[in-house]
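Chain naming follows the written order as A, B, C and D, and within any one chain the residues start at number 1.
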Amino acid sequence: MENILEQIGIDNYIYLSTLLFCVGAFGVLYRRNAIVMFMSIEIMLNAVNLLLVAFSTYHQDAAGQVFVFFSMAVAAAEVAVGLAILVAVYRNIKNIDIDNLKKLKG
Amino acid sequence: MDTNLALLLLLAPLAGFLLNIFIGKKLSGNVSGILGSVAVAVSFAVTLKFFLQVNGGGEPINVNLFKWMTLANFDVNFAFQLDQLSLLWLMFVTGIGTLIHIYSISYMHGDENIHKYFGYLNLFVFFMITLVMGSNLLIMFIGWEGVGLCSYLLIGFWYKNHDFNDAAKKAFIMNRIGDLGFLIGIFIIGYLFHSVDYIDIKNAITSGNLDIDMTWLGIATLCLFIGACGKSAQIPLYTWLPDAMAGPTPVSALIHAATMVTAGIFMITRLNFLFDLTPDVQNIIAIVGAFTSLIAASIGLAQNDIKKVLAYSTVSQLGLMFLALGLGAYHVAVFHVITHAFFKACLFLGSGSVIHAMHGEQDMRYMGGLRKVMGVTFITFLISTLAISGLPPFSGFFSKDEILMTAFHHNKVLWVVGSIASIMTAFYMFRLLYLTFYKDFRGTEEQKKHLHESPSLITFPLIVLAILALVGGAISLPGHSWLNEYLSPILTNHIEHHELGTTAYMLMGIAIIGALIGIGIAYFKYIKQGFVPGKDEEITGFSKVLYNKFYVDEIYTAIIVKPIYALGAFFKNVTEVAFSGFIFGLGRLANALSTQGKVIQNGSIGFYLLVFVLGICSIIAYIFLK
Amino acid sequence: MDVSFILIILLFGAVATYFVGDKWASKAALIFSTCAFAATLYVIYRYNMGEKVSYLQTWMSRPRIVIGLQADGMSLLMLLLTTALTPIIVLTSFGNLFPKSRSFYALILFMAFAMAGTFLAVDGLLYYIFWELSLIPIYFIALIWGSGEAERRKKDVVKFFIYTFAGSLFMLVAFIYLYTKTGSFLNLHLYNAKLTDTEQLWIFLGFFLAYAIKIPIIPFHTWQANVYQKAPAAGTMLLSGIMLKMALYSIIRWQLPIAPKAAHDYKYIFIALCVAGVIYGSILALKQTNLKKLLAYSSLAHVGLIAAGAYTLTIDGLRGAFVQMIAHGFVVVGLFYAAEIISRRYKTEEIAEMGGIRIQSAKFASMFMILVMASVALPGTFNFIGEFELLYSLAQANIWLAVLGGTTIILGAFYMLRMFQQVMLGDKGTKVFKDVTFGEGFTFVLIIAVLLFFGLYPRPITDFVTPSLQKVLVYINQIN
Amino acid sequence: MLTLFYILSAITLGTAFLTIFSKNPIHSAIYLVLCFFSIAGHYLMFNAQFLAIVHIIVYSGAIMILMLFTIMLMNLNKEGEKSKNAWSQIAAVISFCLLALVLLATFIKAQQPEYNYATKGADFQSIKVLGQVLLNDYMVPFEFASVLLLVSMIGAVLLSKKEHINN
């Protein structure tokens, strides 16, 4: 089976993942809505996953894809707990604007 | 045998001290007194035995107990040495000590702490024996400081009175200034000679091939002399001695007249071979001695307290002894120490007898006419006064004349100074005599009723001492001197023999005439004119300066004590606060930094994230894009 | 039986004392500390017989840390001081009814354990652990059972804790740096570390800061007087009697042999600083109105002299330092005990409010007098031996230093006698001073007996410590 | 294929941006789902069908639905969010640029990969192989992942339970 990378090139995937990751990071910085920030984090995770798969193909090794499974599992867990926290926060302050969460200061 | 006897000599007074302190309270006062006296008498008996042995040509006795200290340069042994000089000193220390113990039994009768008194007195004798017997400078230093401690305890014996306590404290601290000098002297000598044993040092010097720095030796002897100044009350450390008269009178007689204050002379005589090597220091000693003698005598002219007069007279006589020491005439100084011990002890005990009769009154302005009631006291006092004034054939004449003669041969100025001091001595001593014993009684009626001659326990020592003051000069008559021969093994330099020629007789004549002039003036002023010194506030002019002792105490307070306190206040209020403030300042700085740091920790998640991203950027940039 | 056994006794004693309960705690502490003392004597006997009493056991291989407890003349002597003073300190606390006394006595024993460990440790890190460990009990002792207003006391005690702790960190840094150089914390390896002059200087200064604060040397002493005043008597005794000796001992054990070149190059600066402390402490003592503070400043003066002697790098100075450490340990415990007895009876520590004690209790006055005289180094007391050797070593360095250091003889007599006069003498006041009890008198007699016996016959101590001092001196004089 | 890659990449990045810039969280979520689908497309291009399926199920099916539920639960489906202040936005843009610059620069500067891609020929990403690798080589992490999921489930339940503070 021919390798898809011969046509596209690994570096394109690297740039794509990098940009996607940066977009995620930008989203985290740019928005104040905690849920959208969560989504941005998911974007960053997916950027990494994408790169892992690309390198898995590059090395012709399944380990990379296995790692993506784990990453997904962790992301699912994270989202579950994170959203639960957000719900709890929302119950207390009636919104999830992170600029309102400033109690933890020195 | 000799070792055991020597230890008995040393430890008998210590045993007396321990017994008196631990079980004395249960004994009656007389028993404690007898215990104390016997303890010292035992020492005297042993001393006498050794003295006869050594005087008959026996070898000095050395007792080496154990090695006490080891230092890098030298070892110090706990060792004792009984040679001619120490035995001579022990003779009058224990002899007069015994007499004064006996005297005290009656004098201190009825005091609630009499057992402690005898305990302290015994302890003093013990330390004095240690001082004299020690075979090296450090053992001497034990005794040296020990007698200072006993002096402190006995001056402040009546501790309820804070003036007495102040006097005791002053004596101890003044002595300690000298002691520091002594200590430094010991350090230098130990460093130079690799030993502090007298015999080793002497051997090192007499062996001829001495290779030491003379400057350092000079500093060492100067330091030792400072030590002697402290103990023997010379300028500038003499002011404690008059104050020390706060103690019981027998204590003044024993410690502050006859024995302890002569320790400085003993030390310098002991180390004569060192002082002979440093003529500059000898000159200093002579000059200091002469001027102490003059100044103390002049202060003595105007004092009204009977004991104060005697105290200044002691300082003055000690000054004469130092004059002799400075001139290298150690045997003369020793001679004067001995005669002075006799007559000054007698004088103090006599004054004690008077004070006893007067129920504690010490001011001569309220005495007078005591001759009629106190016959024995008067006669013994008269003999001693004649002795101290330097009239033949009393003992003081011979010793003082020798000093002045030596001074005349060395330095005429010192001779003049010494002679003037002697004339003054004759004057104020007779002033004392006239004011106390002649004319009519000036005290209260109450006192007059109780005037009485003292009991025989008091008069007996007086009589013994008066006889000694009378004939004591015999030990070193001009022309034939037993003392000089006896001391010759101790002194390295040859003793100068002054020819009994015209000069000698002329000098004796001048001395006698001088003394007579002094006595004459006193007679004219206090008997003929019947002058009685006025009240304190009436004193004016120069006599006020004299009466106030040249304001030396005030000057010392102003230039030494006050600045120290001021420095203390400065340290307490400025530097302590500054140091403490600096440390607290560091704490506050940390606090302020954390307050500033808190601003960064503002709780805004967006800000944290921003910093987080920037941090990652910089880390990546640092790692990969260097 | 080796030296670790003594540590075990003390540690076990601390635990056991805590568990026997408030009623029996003081007795248990006394028994265990006396046992430790007896064990120390036995260990010293074995050491003199030439048997091996050191204890070495690797703790970690990476970083290489050894549980090493060394037994030579120096450490055994200090161990003896610790275990001899601990029962005395426990005895002095008998008259006090403390709340939570089981914790109090347990902490005393624990502190003795930590201090003994400090004296014995041969491995730098172990030494550091013990060093810091000893700070914890004294912090609680001073904080919980101290006197005075709680807020102020807390401030002073916390200051003391942070101050000494911060100083020690510099020592830790020095140790870690030395480890990177030599790969070991064992003192013999550290002695042989090849260090440049600059390294030596910095390491020397790192140690110096830790020790100067603990001893204390001016200008690092500001914690001292307040803590001595506020801490309970037993705490003050532990601090002044033993704990500050840890630092003096460490100067000789660690600082000087590790950085000998720096010690030689800069010795006059440090001696001058210490001697300045002597005069400064003495003069400040003159101005104190509080009895305990006066004793604190007098202690400042005395330990300044000890440190100065150690920094002279002569055998006399080192030996004098050891002798004086022992002597000062006993004297200062005795003096603080006397102060404690007075303040217990008079309910005040102000000197001006005292007086007239001698007339009411001659026994107490005599014993206090002997302690005062020992403190001013009267010949015949143990302190004289120490002070003589120290001053002699200073004289070898420079005669003027000896003169300046010797002013302690004069000023010491000045402030001590002044204090004695104001506290003890004078006529009977309105206040009643009960005569000393048998227990109190017994404690004093113990202390005085030690001071007088070794004053007359100091050789058991000096001969014991000299060989190991000479060994250390070889390293100190090993300047390449 | 390259064309396909570019199209997919454009969709991925574009929807990612739209996710961020949408005012309404619901819109964000929908754009994000699109983004995930495009990523799944990438996976398919790698011939990793199983992964693509799992990806769609987990992300689009589970995670995004969860998020949408949460959004609806909180009643956030309106454009009520205040935007950050200008400084924060500028800072966000700058740090985005900086991060992109740094990362890209790093990768460009790094050693170029080899382009003669190895083709083992062996199957390495079929479900069968993946299953073997996962349950042979990565057995323990796999079990841990299950524990993690369990724990997070319990945690989520506990956290979102209503607390009765005043009982």
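Note that a contact is a pair of C-beta atoms (placed from the backbone, for glycine too) under 8 Å apart; a residue touches a chain by one contact, two chains touch by 3 or more.
It should be emphasised that the depicted structure is a prediction, and the values quoted were computed from it without experimental measurement.
> At what distance in angstrom does the C-alpha mean of chain D lie from that of chain A?
From the centre of chain A to the centre of chain D is 5 Å.
> Starting from the mean Cα coordinates of chain A and chain C, work out the distance between those two points in Å.
63
> Taking the mean of the CA coordinates per chain, how far is chain B from chain D in Å?
Distance between chain centres: 101 Å.
> Using CA atom averages as chain centres, what separation in Å is found between chain B and chain C?
About 37 Å, centre to centre.
> If you look at chain D, which of its residues touch at least two other chains?
84, 88, 91-92, 95, 99, 103
> Two or more other chains in contact with one residue: find those residues in chain B.
If we look for residues of chain B contacting two or more partner chains, we find 606, 610, 613.
> Going by the contact rule already set, what residues in chain C reach two or more other chains?
Residues of chain C touching two or more partner chains: there are none.
> Think of each chain as a node with edges to the chains it touches; is that a line, ring, star, complete or other?
other
> Hey, which chains are touching each other here?
The complete list of chain pairs in contact reads A-B, A-D, B-C, B-D.
> Can you list the chain B residues touching chain A in their complex?
So the residues of chain B in touch with chain A come to 597-598, 600-606, 609-610, 613.
> Across the complex, what residues on chain A touch chain D?
Spelled out, the residues of chain A in touch with chain D are 1-12, 14-16, 18-27, 29-33, 35-36, 38-40, 42-43, 46, 49-50, 53-54, 56-63, 65-66, 68-70, 72-81, 83-88, 90-91, 96-97, 99.
> Enumerate the contact residues on chain A facing chain B in the complex.
25, 28-29, 32, 98-99, 101-106
> Inside the complex, what are the residues of chain C that reach chain B?
Result: residues 159, 162-163, 218-219, 221-223, 280, 283-284, 286-287, 314-316, 358-359, 362, 366, 373, 376, 378-380, 385, 388-389, 391-392, 395-396, 399, 402-403, 406-407, 409-411, 413-414, 417-418, 421, 425-427, 456-459, 462-463, 466 of chain C touch chain B.
> For chain B, which residues count as touching chain D in their complex?
Per the touch definition, chain B meets chain D at residues 606, 610, 613-614, 616-617, 620-621, 624-625.
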